[in-house]
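Before anything else, here's the structure in question.
Chains: A, B, C and D, in written order; residue numbering restarts at 1 for each.
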Amino acid sequence: MVDETILREKAREVLARDDVRRLIGWKRGTYGYESAPAVLKDASQADELIFDPTCVQNPASFITLEEKLPVPRGQDPDTRKVAVLVKGCDSRAVVQQLVEKAYTRDGVIVLGVPCTGVVDRRKAQKMFGDTSEPVMIKEEGDKFVFIIDGETREGPRAELLADKCVRCRFPNPLVYDELVADEVAVWGADEFADVDEFEKMSPPEKWKFWEEQFSKCIRCYSCRNVCPMCYCLECVVTKQKPQWTRRSTDVSENTAYHIQRAWHLSGRCIECGECERVCPVDIPITTLNRKMTRDVKELFSYEPGVDVEAEPLLSCYNPQDPEEYIM
Amino acid sequence: MSEEYEPNILAFLCNWCSYAGADLAGTSRTHYLPNIKIIRVMCSGRVNPLFLVNALQQGADGVLISGCHPGDCHYLEGNFYARRRFMLMRKLLEHVGVDPGRVNMSWVSASEGAKFKEVIDETVAKAKEAGPMDQFRRRQLNW
Amino acid sequence: MGDYKFAKDKLAEVVGALKDYEVFAPAAVGDVLRFKEVEDASSVSFDFKNTNVPPKELMFPETETLFKFRVGKTDIEPAVPDESKKRLVFGIRPCDAMAYTIVEKLYSWDYPDPYFEKRRESSVLFGLACSEPVPNCFCTSLGGGPGSEQGLDALMFDLGETVYVKTITDAGDTVAKAMGLEAAADAEKKAAAAQEKDALGKIKRSIDTEGIPEKLPSLYDHPFWEQFSDRCLSCGICTFLCPTCHCFDIQDEMEAFDGRRARMWDTCMFPEYTLHTSGHNPRPTRKERTRNRISHKYSYFPEKFDVIACVGCGRCINYCPVNIDILDILEKSKQAEAKEAKTA
Amino acid sequence: MSSRRPKIGVYVCHCGINIGSVVDVPAVVEYASSLPGVAIAREYTYMCSDPGQNLVKEDIKTSGLNRVIVASCSPRMHEPTFRKTLKEAGLNPYFLEMANIREQCSWVHEDHAEATEKAKKLVEAAVAKALVLEALEEKEVDVIPSCLVIGAGIAGIQAALDIADAGFKVYVVEKTPSVGGHMSQLDKTFPTLDCSACILTPKMVDVANHPNIELMTYSQVEAVEGYVGNFKATIRKKARYVDVSKCTGCGVCAENCRLAGRIPSEFDENIGMRSAIYLPFPQAVPAKYTIDPERCLQLSKGKCGKEGPACAEACTAGAVNFEQEDELVDIECGTIIVATGYDVFDAARKPEYAWSDYANVITGLEFERLVSASGPTGGKPLLGRDKKGEGGYLPQKVAFIHCVGSRDKSVGNEYCSRVCCMYLAKQAHLIRDKLPEADITVYYMDVRAFGKGFEEFYDRVRREGVRYVRGNPSEVFKKNADPEDHTLIVKVEDTLTAQALEAEHDMVVLGVGLEPRHDVREIIDLFKLSQSTDGFFMEAHPKLRPVDTASDGIFLAGCCQGPKDIPDTVAQAKGAASSALILIASGKVNVEAQVSFVTSSECRGCGFCVEVCPFGAIELVDENRMGNIVKVALVNEALCKGCGSCAAACLSGAIQPRSFKDEQILPQIAVLGVRT
């Protein structure tokens, strides 16, 4: 269990340092079952920070979202550190960002937050309905206790956990400068049963499934933008020269976009599930990423975001790589 | 329609082995199906897996990537990278519902004109089996 | 105009009765609601709160071809929408209908947009009053409401067993007659009024827009924007799903030698939106973009068209993945402005 | 140039009837002229001919074409030709695009209509790419005026001497202690019967003494890096354990070696014996002794007799040095000639001929040593000698068997070794010469006497009473167990008379063929060569570039490229030498212009490309991006070979290989993707 007073204390210390530019964490949202990402710049704001099962977002996403502004002549660029609070899953993003040289290790201060699982907004809405008040959630044993519009409700943990948490293998951060609470026991395991299940479908069935899903896509690119691994200065998807995908929305272009996205994340996806969470039209985006994650593991016994020293999957090879289908 | 339908295959051949192998098939007058259209690249490692997606979108019913045998790459390692990339891209496309028979890869050396023909035959056969890939074609028609 | 009613279980027949209309109604793909042309009248239902994607797409599609061309040739092949057939938008919520009245101000402004206007003119809007507002509705703060009639040709109240239909325009009345509806009694009218009153009570959130349009510009360089922009993803959710957002991009889509010029939804939240050919971008960061989105709705648009470009449908709040809450922004803007005023 | 509006000229070649007879050329031309940007579309019988090329040049000059498409044969064939054409007409050579409508269309498709349709598509794709081609700048690099020759058989020797005589530095690296190769083992050479040693040894000596040649025997190339004109090679000079500066080659050491005459001599094909410290053969060059570390007691056992190594004892010059160590030498050279030669087929792989079982079944090469005047028997074809080399008998009934390990699928060698027919004829003649009474039979499949003077020689041999029996022996076995009786039975069917024979012989010579060296793989990995199906090194083009390899600046000479007789080998060696000399003499060479480049404003500095690049041509460097210091990729154009692996690894498309950029390939896909 994370003690928020300790969390805030540590954050305050970090924010007080003059070599720190900003601290990214979570704060109470204005309504509903999710917290809001907090980007703090001043020690006085530290008390806004929270950590509870509403803190689903991946703060690592916001490290790479920050724009590098032109530096006026005669001034020095702001090279102060960025501090970030990370759950176990979030920390894998930091690891992979380091592998891909998004920044250097000493450019960030990582405060690790051992996590026992967060609540899936959609599941909670189904169970308890909507509300325009911020909801408080506490974990109590195998239950989550909610305070919704002033009244207390309960729901079984297992049914309310976000999918990524159900199979979580990394509740404790893999990279950090400091932990704000004691490490917790690992409860999850990942057999990729969902992928196997999906693969029972025939190609035409799969295509039909995705055709329906992708036809919903409005190409708002929230799945891309929220992804902690997606931070190219110019994304091939929106590039005009050459035009890989067209901006126009139809099943073909939408499908192409989602394939491209999944492809660029294969061997890089760290399974934080943000892409699917943010989708306004409920496309099961992680179904694609999960498939790649599984195959990458099976074919190349490779797992991204766990080893800072690792070589990027597609920038290395093994002479014995599988090639069963190659003629 | 599948009976009459002639699949359209796009092949990406590396300049040093497979493209030369295709040339050899020519110089030795090995007849094969005209369904195949060849795009020459310097190395199979050059082929961006997203080319496949684009090819299918443009209306290709199958694709072939062919390079030097492992260890023989004119650029030492290109085909090793290609092997990894396409193994994965194939799996991804399969997951989206693209028949894996549409995504083919082969090692054809400059001296394997005969093998090149076999590869083409098999690729075309698989694409025939998978049927026309219309559902992914860019919607030029109903623009 | 007239007052009509029909039994809810006759919904399919009522809709099916309209032979010479293209009927559009909310249709579900999975959990997602979007207006679609009705193929099977029996699929039409009132069992929804608000569509995920606003019906603005019926007047202003995500993508539409302007013309086709071939490289090296000068002649083009224009594509103008054929809207000879009358369209009925069935079950549109009052806020979304009200949005049309705002957007058309722009599309018929300095020169009329044929694509939008053709569709708008040929459409009859059958609204469906809200009995269960969604969490972040604040339509009442913008002159709308669960039973608002703005932009509608008729408004329907789902009273459980029966549906009360109140026609507002001749076009609405014609359709009602074509549907073969029977006249409504006072009972329905009363029930409807009661329902509207009840619904009003359920709307929790609000904002006093008084003075906002005038004061926002003074906060142009104010740091408070960053409280929100710092967590903005620069995605298109808030704008694409906004019924009053109407920006579009025009792109050439090439196929080797053949191409089309198409226009598609664009959003000021994308970095590319204001990117100049020179590489210069007047809105380089999320701060400027967030500021622009709010300012455009609550200051620039009213300045030009005397109406705030927001109908309080709450979509941008409900779907924002990082809880950027327009009401929160507006409140904070007031506080910021107040502080400015004090210090000044 | 590239900024100007594209004005494309399309030239469709008939290639005589090679294209025209299948593809409807006029139709293709008509189609081409309808395509965007195409200003001119023509057809011509032979585009590669001078008039054909002039056609292009004229149009460029008069109609200001700025893009040229030639629809003809494979770009691997004539791209360089037409690039030159453009250049001569003052157009950047990289504004050329070729459509391969011969090798990959007219020659492989029967249906004329389909072939024509495909040809149109290929031309269309070429136009699509031509529209977005860019001018590239060809860069020159200096060529280090020297050549590294690997292998010092007759091929290596000849190539080295030619280049050295032209006045340039040559490094010759030979694996064995002496130069000379297989030729030095031969007795006489067909068909002229001049003594192999007599014509070879002078050249061997020249190689050793030539002021421009640095000879490194008993050495091996360890590593090679760099590119055409600028290779760096590391050579391991294996320890001889003899100080060559002191060794006089007197040979006292060998006489005193405790293992003198106890070690089979490789040079003599194990018929003769040598010592642990040895000179491979009397005329060896350099005439310096070498200690065989595997056999030498001192080196292998660490102890030689009670009073220590006898050789060192005996050597008055004090040249023996057991402390000697391998030496690594780095050299720089502009060109490389690979002349690593061949292995003879291992007769043990044809057990039916019982070479491993009977002393009087020998290979052709063993025969050469047996009849060589400098050989272990002093030139007498003595068989069955004892350990000391005493005794033995002269055969009376000699059999020669053709095609052992050649033209033989069962051992995986489909090819003809090209020399066996003639060397067996020569050997039959030598037997006739030395044993006028002997009965001589040659069992053959075919006799291929294709070379200058071959047929005449074959005739002569037959006139000398050598019997040629057309048949491929199925088995060779001993008549009976009696050790004194050497009679062998050769089981064969005379295919001309359809008679099954069981002929008696007391000597059987196997005409073993030529094979790729056992260590061919090492050489391939070292120089990145490719192999033909027969396993020998593959030339860049079977007809037009027979001595070049796929790697610029590396050439092939001799049997490493395929079986050859001595004149052919020498001819190819001279070819390779002159090819190398072209580079060396001109002193400059154009390096790849189609290299990768980085659009640094799109680069996120992840370094994927850096890790992918097989040539280490990319590095991450600091860039000042509007005041912020960021890492971006940078390409070293001299090292980049333009493979483009980086582009496929890059997520944002920030790094692209010139002439094969995404925006140049996607239009091709757009055209060819559309189903016709």
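The working rule: a contact is a pair of C-beta atoms (placed from the backbone, for glycine too) under 8 Å apart; a residue touches a chain by one contact, two chains touch by 3 or more.
Source: prediction; values computed, not measured.
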item: Chain nearest the overall Cα centroid; value: B
item: Which of A-B and A-D has more C-beta contact pairs; value: A-B
item: Centre-of-Cα separation between subunit D and subunit A, whole angstrom; value: 56
item: Whole-Å gap separating subunit A and subunit B, where each centre is the average of the chain's CA atoms; value: 36
item: Geometric centre distance via CA averages, subunit C-subunit B, whole Å; value: 47
item: Centroid distance [mean C-alpha coordinates] between subunit D and subunit B, Å; value: 31
item: Touching two or more other chains - residue numbers and ranges from subunit D; value: 601, 612, 649, 662, 666, 670
item: Residues of subunit A whose C-beta touches two or more other chains; value: 69-70, 236, 243-244, 246, 250, 314-315
item: For subunit B, residues contacting two or more additional chains; value: 49, 54, 57-58, 77, 81, 85, 138
item: Of all residues in subunit A, those that touch subunit D in their complex; value: 68-73, 75, 77, 100-102, 231-236, 239, 241-244, 264, 311-312, 314-316
item: Interface residues, subunit D side, partner subunit C - complex; value: 35-37, 124, 128, 131, 601, 667, 670-671
item: Complex contact set, residues of subunit A against subunit C; value: 22, 29-32, 34-39, 57, 61-62, 65-67, 69-70, 130-133, 212-213, 215-216, 218-222, 224-226, 238, 240, 243, 246-250, 274, 277-278, 280-282
item: Footprint of subunit B on subunit A - complex, ascending; value: 198-199, 203-211, 236, 244, 246, 250-253, 255-256, 258-260, 262-263, 266-267, 287-288, 291-292, 295-296, 299-300, 313-315, 317, 319, 321-323, 325-327
item: Contact set on subunit C toward subunit A in their complex; value: 29-32, 34, 52-53, 62-63, 134-136, 204-205, 226, 230-231, 233-237, 240-241, 249, 251, 253-254, 262, 264-265, 267, 270, 272, 284-286, 317, 319, 321-323, 325, 327-328
